[in-house]
Each structure stands twice: as structure tokens, then as C-alpha cells.
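Presented below is the structure to which this report refers.
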Amino acid sequence: MLTNQMVQILVFVILTIMTLGGGLGVVSSRNLFHSALFLVLSLVGVVGYYALLDAGFLAVVQLLIYVGAIAVLILFAIMLSRGLMARRQHQRNEQWWIAALVVLLVFVVLLVVLGQVDWPVADEQALLSPNVSVGQLGQVLLGPYMIPFEVISVLLLAALVGAIILARET
Amino acid sequence: MGFFFNLTPFVPLFPLLAFAVIILFTHRNNRLSSNIAIGGITLSTVIAWGIVAATIAGGERTRTEGWQLSIPWLPAGTSVLDIGLAVDGLSAAMLFMVPFVCLMIFIYSQGYMNLGKANQDPRYARFFAYMSLFAAGMLGLVVARDLLFAFISWEVMGLCSYLLIGFWSFRNRNTEDHIDEAQVDRAKKAGLKAFITTGIGDVLLLAGIALLYSYTGTLTFRELFQPETLAALQQQTLLGMPAVTVIALLIFGGAVGKSAQFPLHVWLPDAMEGPTPVSALIHAATMVAAGVYLVARTMPLFIAGFDYTSAPALYWVAIIGAITVLLGATIGLAQDDIKRVLAYSTISQLGYRMMGLGLGGVVVGIVHLLTHAFFKALLFLGAGSVIHGMEHGHHAMSHHAPGDLAESREDESFNANDMKQMGGLRHRMPRTVWPYLFGTLALVGLAPFAGFWSKDEILGEAFVGWQHTLAIDHHLLVWLAGTVGVFLTALYMGRQLALVFWGRPRHQAAAQAHESPNSRTVPLMILAGFALVGGFANAPFLGSPLHHFMADIHQASHLVNVAATEFNFVVAGMSTILAVTGLLAGWLLYRNYQAGQVEPFKRYLGPVFTVLERKYYIDEFYQLAIVQPVVWLADQVFNFDYRWVIDPFVNLVAAIGRWAADISGVFDSVAIDTFLVEGVARAFNAAGRWLRYTQTGRVQNYLLVVVVTVLMLVGLYLYL
Amino acid sequence: MLSEFAFVGVLIVFASLLPIAGLGFAWLVRPKKPNPIKKSTYECGLETIGGTWVQFRAQYYIFALMFVVFDVEAVFLLPWAVAYDQLPAYALIEAVIFIAILALALVYAWRKDALRWS
Amino acid sequence: MEATISWLTTLIPQLPVPTARLIVYVVYSAILAFAAPVVLVVAYTYMERKVLARLQDRIGPNRAGPLGILQGLADAVKMLTKEDITPAKADRIVFNLAPMLAVVAAVLVFAVLPVAPGVIGTDLKVGILYVVAIGGLGELAALMAGWSSNNKFALIGAFRTVAQLVSYEIPIVLAIITVVLASGSMQLGAIVAAQDVPFLFTLPVAFLIFFVASIAEIGRCPFDLLEAESEIVAGFHTEYSGMKFAMFFIGEYMHLFSAAGIATALFLGGWRGPGAGEASILGVLLGFVYFLAKTTLLVFVMMWVRGTLFRIRIDHLLDFGWKFLVPVALFLLVAVAFVLKVPVLNSPTFRWLGMLAANGVVILVSLALVVLAARHSRSAALRGVAGVDG
Amino acid sequence: MGIPLYWWLAVAAALFCLGLYGALSRKNAIGVLLGIELMLNAVNINLVVFWRYITPQALTGQIFAMFVIGIAAAEAAAGLAIIIAAYRQRDTVVVDELDMMHW
């Protein structure tokens, strides 16, 4: 008999395999194109996480922005720098082993620290009925977070202008 | 009438809109642009005067409680910063003056910037845009309901002063034949100087505002001046003083910068590198008035916890004011540049206002601000007219004498601003001289001109204050400084009149100077009218009406000196005698001054005059004591990095390695055992390489270092 | 409570079964006689010259760039659109400012000829 | 779906709800993932051939079965038995994954398609955004296919495809935001429910933008540059053959259907029509028929367009997207937002009329601007000629 | 929620560490960028998880995640443009060879 929790854990495990496996692929693959595809896999896993966490809007946004837009951008950039694809080269620099050690240390420290904290988890009732409507999101976004909301458009404009200046063939 | 109050936002908004429209859309069409600017300020003036009328009609209640509007402006997560506008008696009084004087100056500017002529300024439209923004800033400050909006307006003004004072640093040298590099350079430096010097004050002001907000959680004037808020502020101590006093002094610091009080006055005389209308705007209606207005507005903070005769913050206001009066007036004696004399006179007159405020007299300070605005705008515009006349004369001179063209073109000694090259202009510029004379008399403080009433009230207040105690305190000091100041003012103005309008022309240009066109002389005449009658608005024998109009606002706090002082014949008589004496002395001494002579003051004062001429060497002192050390420090830091420590160290390591290698070479030839030698060399080499790793230029190395460091910090935090 | 995405999960499984089944079945029935010529790169019958990685123009990248920017802006506009009825009138002004900045980006790209395919 | 689940639990009382839900999900998934693609592809290819043939004064398929009705089946068998060729230099894994991803992406859109009253895979709160987001997977599939083939044509085709897809996704999203603004929800069910008057009549400009951009999104004529034979052979799937090619083919036709279906749901009132409703089986069936009819009508229009218009050049294509559709869509969005905040228009009828008026203004202004711009550029060109002559 | 909070945090930490490793050890600038994207996503997972488990009634976590996604998009756009420009200038995207700031 499948209980709700078992399904959730099963889905969680599958998503984790996707996400972390994808992440591992990103950092270990020798072919940059494959790296980028692994990134997509990993990000789709994150989409699943968001869906599992009842953040439906974010899940779709993640799919739209990361998979639909950023991944395409990255793939374009990879294809545009053709030298990368032709030359088979070592993908790791010489400090990779130090990096690996340090990162492992970071991971252990994080696990220990995260385990020690007593997280103020909300009560059962609140956990069961999270505040998820997109309309409420919009109200918050245009209310208290109005300034960041406007600033993000300025940021994007700046990024676009900068990127066009940089990427244009003159 | 109350209808006008609801239009208050438009008072600063119209000039702001004019600015936006000019910058964004119409900047290619010069005439349209300046007309938009004038239209904007005209609308502001109309509304502002409507508000003034409404305030007068509204009676006491309107004047004390006024009208206000608040807009939730900056929602930041959970808290919201409000921003708002308010009108009461004090702002209404300012609203009467500011937009109107701005309007006069704008109209004058149209002629001054040579609209439609061949030598029209290449950045004509931009000039009007900046002027509009400047006016918007000042009007915003006047109608501000809280310190936040006041500060924003304040900074807008700071920016505009920078842009306008340095306006001619971009002057197109191809079309402007008489503009030389040095002048462009001076304009640049003057703009920067104004920006940085006032910036010092702004930082203090911002610190004061921040402190105030952290203590009280509000920046709205009305809430701040609630007795309980003030009482709470007195309870806090900061640096061994009541917090409120520290805050008041910080706010005063801002005013010292903006209102050019000693020791931050140095920017104001240089500010006349900008076009003359800018000087008029800065000296009369906007910039320097802002500081005075702010102090008047926040007066309860200065007094809180004390009586207004003994509040320490006020004491310093009075002292600084007194110093500034004497400083400005004495330097003014020794300047040759017509605008510079006026600039120092402004500094001196600002000192008067601060003295008035320092005695707790909000009203007297503001009244002097108002009267001064009219006659100083008049004087500056008059000076501009004179300068233009001189330039015109210079131009005509070279034009009419074709044989001398080459010679006169290279006439390096000619300076249209130099009073010593003028003379006898009363014949050449009959329509400028009378307004100018009116302005002078108002400035000197002769009855019945505007300056008489406002200045005498400050002196009277000081005198009465002294009479109460008969101690040697700041009242006496203020009175003495003010009275001496009256004499000095009369002296330098007498000198100026004699040099500019009397005597014989001391340069060919003066002999051929031309009267200015109507666009310039008409504003002069209007302003002259105000200089003549403006003082009656608060004349004691009319019952000091402005006192009732303005003073009520601070009555809630029961702290501020709002009572009108009785007309004091001793004070008035004394200052009148001194003024007449000074004026006559200056006039007599300089009436017959010839070009090239040693000037009379210099003859009598000798080295003292040189000190005055060099403005007490304050600029030099700042250069020596502040600018150079800062530059030096920057150099040292650079050297530390580049020459002395970091780079040499890296080089040293390399040198040691090389040296060791040299040794090893010798060793090698002598000894057979090369293993050891190579080992040493390798060790040093490795050391050098290792040290160089700290500067690989590779982002990822740096990132790794960052991660490791963070890791170490986390470890420290967790386990220590 | 199962997430509203549960059905999507089930559908993903079945949707991937379709091509797997199709390809698998085809693999069973189709002929398999590879030879080097069949497996060469198709270039209208000619021999391939040079690598596949001819230099592409950054033009493509700029379109992707525009797309990213507009996509993000759209994502921020959607909550606004959904909540629009419950929002006060200033939401219109906020959004107009937002869209104006977005339009500015378009105008910039347009004026810089970044959108021209030449 | 919920109705079906409760029906199932009443039918077999001992069945627990989660299991019933699973069964319903599995059955509906199977229908969407297996039956729907096959039926759709067979039906629409047949329809397209017939329609095109008639438009070109031909008969079309007429051999396999009566009226050639079995033509689709014959094609399927042919595809199945074709040899599968993978180029030697291809990246095998990615090469094989790409067609699968294309099909999966196409099927996933069906999950939120409200095909009949109460019949929808899952009525996501963010349904319409989900549709757009899934579209991104299609771009990914094209890029993967183009890259892994190791073929210049395929790669250029992939670049072009993606450039076109991303360019036309923006007007689509903007049109969608307009609809969301008018209906106040991203849920497709709610959008359908909000259309007492179909948005086709209140937001005709949004519909036109959406429809035109949709044609470009699915890469059909006149926007079929992705497979411009004369330029880049067959685009990103040049190297594909046999069943893998069939996968792209299936994906394309499903895309056609889902684009028309989404347009139906957004603008034509979805399954709504006289008599349709969730109350009875008949109402549900009627709704399904309405939905299918409206969708097929849109598909037919697309085929008609294909048969009538010629392929446009890529620079014109991108210009049309960025310099016409996007500005108009932005303008429309602001105009509709403005209308919705005008306090006078508080009754639904007034709101509809207001929106219609806004649409009218937008289209008139933009057309006027286009005419002006065209006149300007024409006169500039004429001046240029005159200058050369003089 | 059937899944303990700690699992989520551990997964996010793991993803973050993978991204960090990628950013530190990749020779290729685009590879570094991919690592950074992974890290950003790890952060986002944390934001959403904290929203879901600790403050499910306040939407701050989701809003922040949205902003992070927006910023990530801007970062990717500008970063990749820089890489393309660098590639065009120096014909390489190997980070070690992009050392104009070296010594």
C-alpha cells in the first residue's frame, strides 16, 4: 500500500538523483555541451523539488527561465565559441585537487552545522496550508517589494545593454 | 482660498517638469526651452502667491497648523518611509520670495545668455534646465514636511550648484572668443569646490538626520517638535551632551556648508565663476537661503532643554554668525572683482542671519533672508548688467578702432569684472545705476530701505538681550560684531559705488559701455521697488506683521523667541550713523581714484590689507592643511603598494633568488657537489613561485582563497 | 495531499514510454545494413569540407539575450496580471514604469541595430 | 477528473481514493501519451494533405483505403521499417535523446489542456505559464538534435529554429499576459470559465498576435524557415531518418494540435457552447465536440494559411516579431491594463466594450505607425535613388 | 510534509558544493559559469525550503527566489557576453589564459 509519505520520499529520491547526478555531470563531463545538458537535467530536478514543495509558480518559472532561456543562452554561447568544441582539452585546472578537498570540507562543515541548528519549523497546521496563490505573490510583489520589482527591470535593462555592447560584432 | 493649498505639490513640480521637458524633449529649441522654464516658474509663483494669500486669509490656525500631505513613498519590505509636503507661516513667507526672485532671475537670464544672438551660449537650453531644477530643489525644501524630503531637495540643490557654477567649464571655446583656458579651468575647480565644501556639511546633516531617525523613528517636523519627543531626545546623551544638542549642531553643520558660514564659506566667492544669474540665484533665493531656512525650521531642536538665551547649540550658531559677519565684511573691503565684493557681502549678511537665529529669533533671521534676497538679487543682476555693459564696451572699442584691433584683441589686462577698470558708469548706464543704488542702500541698512528694518531688528534683539544680563556674553558680541559689520558694509559698498559708477572711466571699455536691454533692466527695477518698500512688511511701527505671520509655528514648543523687539532708537541711530559714515568714507576715498594708483585702503592699512586681499589665507590654509595631506596620504598609499612594500617585497624575493643563483654559479664552478646548490636554488625558486601565487591574476585562485578564508572564519566562529 | 503536479509526473513516465516503445518496435522490424557512405555526414552529396564548427555570428546570441530579458520581465508581470483586480490603482503606474523600462530595452536594441539580421 | 475518481469509488466501494486516483491518472495519461498522438497525427496529416491538395486543385491521397483514408497508416508502417542511420561522427547519446525529448515535450502540454468540461489532466494554478515553459523543452530538443548530428546544415538549422522560437515566444507570452490580466487567472479552467464572451471578441488583437506567433512557434508556413529546403536542407533534423525522424514529425503535429487547443482555450472559450457542461455525460461529450470543432477550425485556418502564403525571409521574420508584434503586444498590454482600472467600466459589459475599444485603438495606432514608417522608408529610398541620379 | 527539513538542506548543500567545485576547478569560463548557476540554484532551494517549512504564511522566501532567478538570468546574459567578447578578442575561454590582470 502506497502511502503519501512514501510517494513523496520516492519522488524526492528520484529528483535528488537527477539533481545531484546532473550536478556531478556538470562538473565532471569533459564535453562542455554535455556539461550544459547535465545542467539542464539538474535544473529540471530542481523544478521537481519546487513542485514537491508546493511552489508551483516557482517551479514553472524555473522551467521557463532556466531550462527555456538560460540553458539556451549557455548552449548558444558554447556553440559560438567553436574552439571549445574542436579542441579536446583538459577541463580541470591544476588546483582541482585542492578545490576538491576544500569543497569536501565545506560540505562536511555544512552538514554538521545544518544538523546542529534547531530550525524553528512552523506548526503542523501552517505546514499543511501554505500560502501559495500567485495572486498573493503579485500583491506582495507590487506592495512591499515594489522597489526591488522596479529595480529588477532596471537591472535587466543594464544587463541587456552591457551584453549587447559586448557581444556585438563591430 | 484653501484650494491653493491642494496645489502645493505643483510648486516644486512645475520647475521640475520644466527641467524634465527641456532635458528630454525641447533642448534643441532654445527659445522654447527658456520659455518653458520661465512658464514653469511663473506657474509656481502664481500658485505660491495664492498659497501665501490663503495663509494670510486663513488666520492663525492655518499659519500654525498649516496644511499637510503625506505620501507613502518607499515601501521597504516591512516598513514604509513617508514623504510629505506642508505649508505653514514660515514656508508661506519663503514661498512669497523664492519663486518670485527666481522668476525675475529667469527673465533676466534670457537676455543675459544672449538668446537669439550670435554669441548665444551653446548650452543655452541646458542652462535653463539646470536653473529650473535648482528652483525645484529650493521650492521642495521650502514646502518639505519632513527632513527626508528636505534632504532630497537639499541634495538636488547641491547637484545643481555644481552643474551651474561649473557651467562654463564646458564652454565651447571655438565660438566664445574671449574665453580662455584659465577661465574654463577656474569654472571646473569652482564647481568642484562648491560641491565638496557643501558636501562636508551635507555629510554632517545626513549624520544628524540619521541620528534623529534612530532616536525618534520619525523625520516629520511636526512630530519631532512634539514636547514629548523633544523631552525624550534630551534624555539621551551623546558625546557627553544631550543628544538633541549634538543633532542640532550636526544640522547646523549642514547649514554652515550650504549657507557659507565660517569655516566652510570658501566656496561661495568662487561660485561666481558661473554665469551671473546663477550667482544671483545662489546668493539670493536658493542655495544660501536653504541653510538659514533649515536652521529656522529645526529651531526647537536647537533650543530643546534650554532657554533660548542660553542654549549651547544656539550659542554656537550666534558665534559662527558673528565671526562670519566680520570675516565677510573685512574681506569684502579688499576685493577688486565687482561680483566678489558682493559675494563676500553675502557671506557677511548670512552671518547676520545666523546671528539672528542664534539669538533664538526665527523671525528676524528669516525676515533678513527675505529682504536680503530681494536686494542681493538686485545687486547681482545689476553687477551682471554692468559686466555686460563693460564687455559690450570692450567689444565696441575694438570694433570702432580697426587700427587697434590686433592690439585690443590681445589686451590681456582687460577684465570686465574688475572694478578698478570701471568708473563713471552712471552716465553710460543710467537705468542700471538707480536700482543699483537702491540695492546698495538697502544692503547698507539706511532707512527706509529694506535692509534697515531687518538688520536693525537683529541688532536690537542682541542689544536688548545684552541689556537684560549686562554680562559679557554672546549678545554683546553679536551686537558689537553686527554694528562693526554695518560700518564695514557701508565702507565697501561706498568703495564699490565710487569705483563703478563715479569718477572717470578708468579703462576705454568703461568709456564705451552700453546700457543693457529691457529684459535685464526691468527685473532690476521691479526688484528695486522691493528693496525700497520690502522692509515695511515687518516694520515695528506697523506692528511687525511678519512676526505674527511666522512666529506662531513654533509656539507649540513654547521655546522659541517669537516676540517682536521694540524699535530701539539707540541701536538704529548708531547703525545709521555708522552706515552713513562708512558710505561717505568709502565714496570720498575712492571717488577720485585713478587707474594704476595704489588704492587708498592699501595706503592706510598696509599689510593688513594684503591679508584681507588674500582672504585671511584661509584657502591657502586649507590647501596646506587638508588638501595636500590628503593628496600626500593617497600618494603614500600608492607608494606603499607600488614602490615601497608590496611590489619591492615580491622583487626582493626574486632578487634573493637571483642572488642565490649567482652564488650557486660560483659555488658550482668551485665545488663539485652540484646537488646541494641546485637544491638551494630550487628552494628559493619555489619560495618565489609560492609567494607569487598570491597574485596569480586567476579568478579561481582568488575564489579558492575566499572559500578557504570563509571556512576558517566559520571554524573560528563555531569553535572559539 | 498530493501536489497538483502529480499528474504531470505520471504523464512524464507515459510520455517517455511512447518514443521508447516506438523506437524499440522499429528497432525490431527495421533493416540494419550500415556502410561508411551511409554514415557520412549529409552535405547534398558532396564531401564534407572542414569541421562542423564554422564560425557562427553573435547575432544568434543577441536574440537569445533579448529573449532571456523579456522572459524574466514576463515572469514578473504575470503575478501582477493575476493580482491586478485586487491591486490598487497605483499598480497600473508601477507596471507601466516596469513595462516602460522593458520597452526601453527593446528601443535600445532596435536603435543599436542589434535586431537587424544582416 | 475528480468527477471520474468519485464515480470510480462509488462503482467499486472498496477502492481507496488514492488508488482510484492513480488508476484514473494512469488511464488518462495513457490516452494522452499513446492514443492521442497516434490519432492526431494520422488524422491531421490526412486532413492537411487533403486540404492542401484541394487548395492546389488536386485530389490528394486516394489510394490507401477509401478516399485514401488509410494513408497515415501506410506512412507509419513505412517509417517503422526504414533503416535507422546515425552519422559516424554524431554524438550518439544526445542524437538519440533529442527526438525523445521532442515527443515528451509535445505530450506534456496536453496535461493542462481543458478538452471537455471537467476533463483536464491537472488544472494547474499556473497552467498557461506551464505551457509556455514546456515549449522551452522543444527548443532544447532542436538544439540537441542540431548539435549532435555534427552537420553544418543541422547546426545552422538548430540555430535558426531556436532564434525563431525564442523571438516568437515573447509576443505569445505578452498576449498571454493580456489574457491573464483580463481573466485574473493563469488556470486554464478559470480562463475558459471567464469567457462569457470569448476573448476573441474582446481582445481580437491579442488573439491575432497569439495566433500568428503560434504559427511561427510550430514552424509552419509562412514561418517554416526551420526547414527551408532550398537553404539548409531539412534544418536540425537533416540527419534523422526512420522512426527518429517520425518522432520529430509526431511532435510537430501534436504541437499543431496543442497550439490550436491552447488558442481555443484562451480565446475561443474552450469547450464552452450551448448545452456543454459538467453536469451530465452528454454535456461533457458536447463540450468535447465543441472543443474539437473549434480546434480543428483553427488547424484548418493554419493549413489554409500554409496553402496560400509563401515563406518569408529570415530577416523579415525576425523584424516582424521584434519590431511589430512585440511593441504592439506591449502597447496592448498597457492599454488593456489601463481600461481595466477605469472606474466607470465596472459592469462586465462595459469592461468588454472597453477592452474591445482598447484593442481597436491599439490596432489603428500601430497600423498607422506602420504605414507612416513604410512611407518614410519608401521616400527615403526614392530620395536615395534620386540622389544617385542627380 | 513527509520529508525532513534536514534532507532538503543536505541536498542543497551538496548541490552548492558541486557548483563550488565546478567554479573552482573548471578550466573553461563557461564551465565556471555553470558552476555558479548550480550554486545559485542551491541557494534558491534553501530559500523555498525555508519558506515551506518555517514561514509558510509569508511569501518572502518565494519572492526572494524569484529575484534570485531574475538576477541569475542577468548574470548569465552579461557573463556569457563577456565570455564571447573575450573569446573573440583572445581566441580562448580558458580562464587561466585570461590573465590580463596577472601580476
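Brief remarks follow.
Each chain gets a letter, A, B, C, D and E, in the order it is written, and its residues are counted from 1.
Assume a residue touches a chain if its C-beta (ideal position, glycine included) is under 8 Å from a C-beta of that chain, and two chains touch if they have at least 3 such contacts.
This structure is a prediction, so every number in the text was calculated from the model and none was measured.
Listed by label, the chains that touch subunit B and also subunit C are A, E.
Listing every chain that touches subunit A and subunit D alike gives C. Using the average of C-alpha coordinates as each chain's centre, B ends up farthest from subunit E. Centroid distances built from C-alpha atoms place B farthest away from subunit D. More inter-chain C-beta contacts link the pair A-E than the other of A-E and C-E. Annotation: 21 Å between the Cα-based centres of subunit C and subunit E. With each centre defined as the average position of its C-alpha atoms, the distance from subunit B to subunit E rounds to 49 Å.
Taking each chain's centre as the average of its CA atoms, subunit C and subunit D sit 14 Å apart.
Taking each chain's centre as the average of its CA atoms, subunit A and subunit C sit 17 Å apart. Those residues of subunit C in touch with two or more other chains are numbered 2, 4-5, 8, 54, 56, 58, 60-61, 64-69, 71-72, 75-76, 78, 81-82, 84, 91, 95, 102, 109. Residues of subunit B in contact with two or more other chains: 700, 704, 707. Across the assembly, subunit D contributes 18, 22, 124-125, 129, 155, 159, 162, 166, 169, 184, 186 as residues in contact with two or more other chains. Every pair of chains that touch is listed here: A-B, A-C, A-D, A-E, B-E, C-D, C-E. Chain contact summary for the complex, subunit B toward subunit A: residues 74-78, 700-701, 704, 707-708, 711, 714-715, 718.
Across the complex, subunit B is touched by residues 93, 95, 98-99, 102-103, 105-106, 109, 113, 143-147 of subunit A. Listing the residues of subunit E that touch subunit A in their complex gives 1-3, 5-11, 13-22, 24-28, 30-31, 33-35, 37-38, 41, 44-45, 48-49, 51-60, 62-63, 65-67, 69-78, 80-85, 87-88, 91-96. Interface residues of subunit D, counted against subunit A in their complex, comprise 18, 22, 91, 94, 124-126, 129-130, 132-137, 139-140, 143-144, 147, 155, 159, 162, 166, 169, 184, 186. Across the complex, subunit C is touched by residues 4, 7, 11, 48, 51-52, 54, 56-57, 59, 61, 64-65, 68-70, 72-73, 76-77, 79-80, 82, 85-86, 128, 134-139, 141-142, 146, 149-150, 152-154, 156-157, 159-161, 163-164, 167-169 of subunit A.
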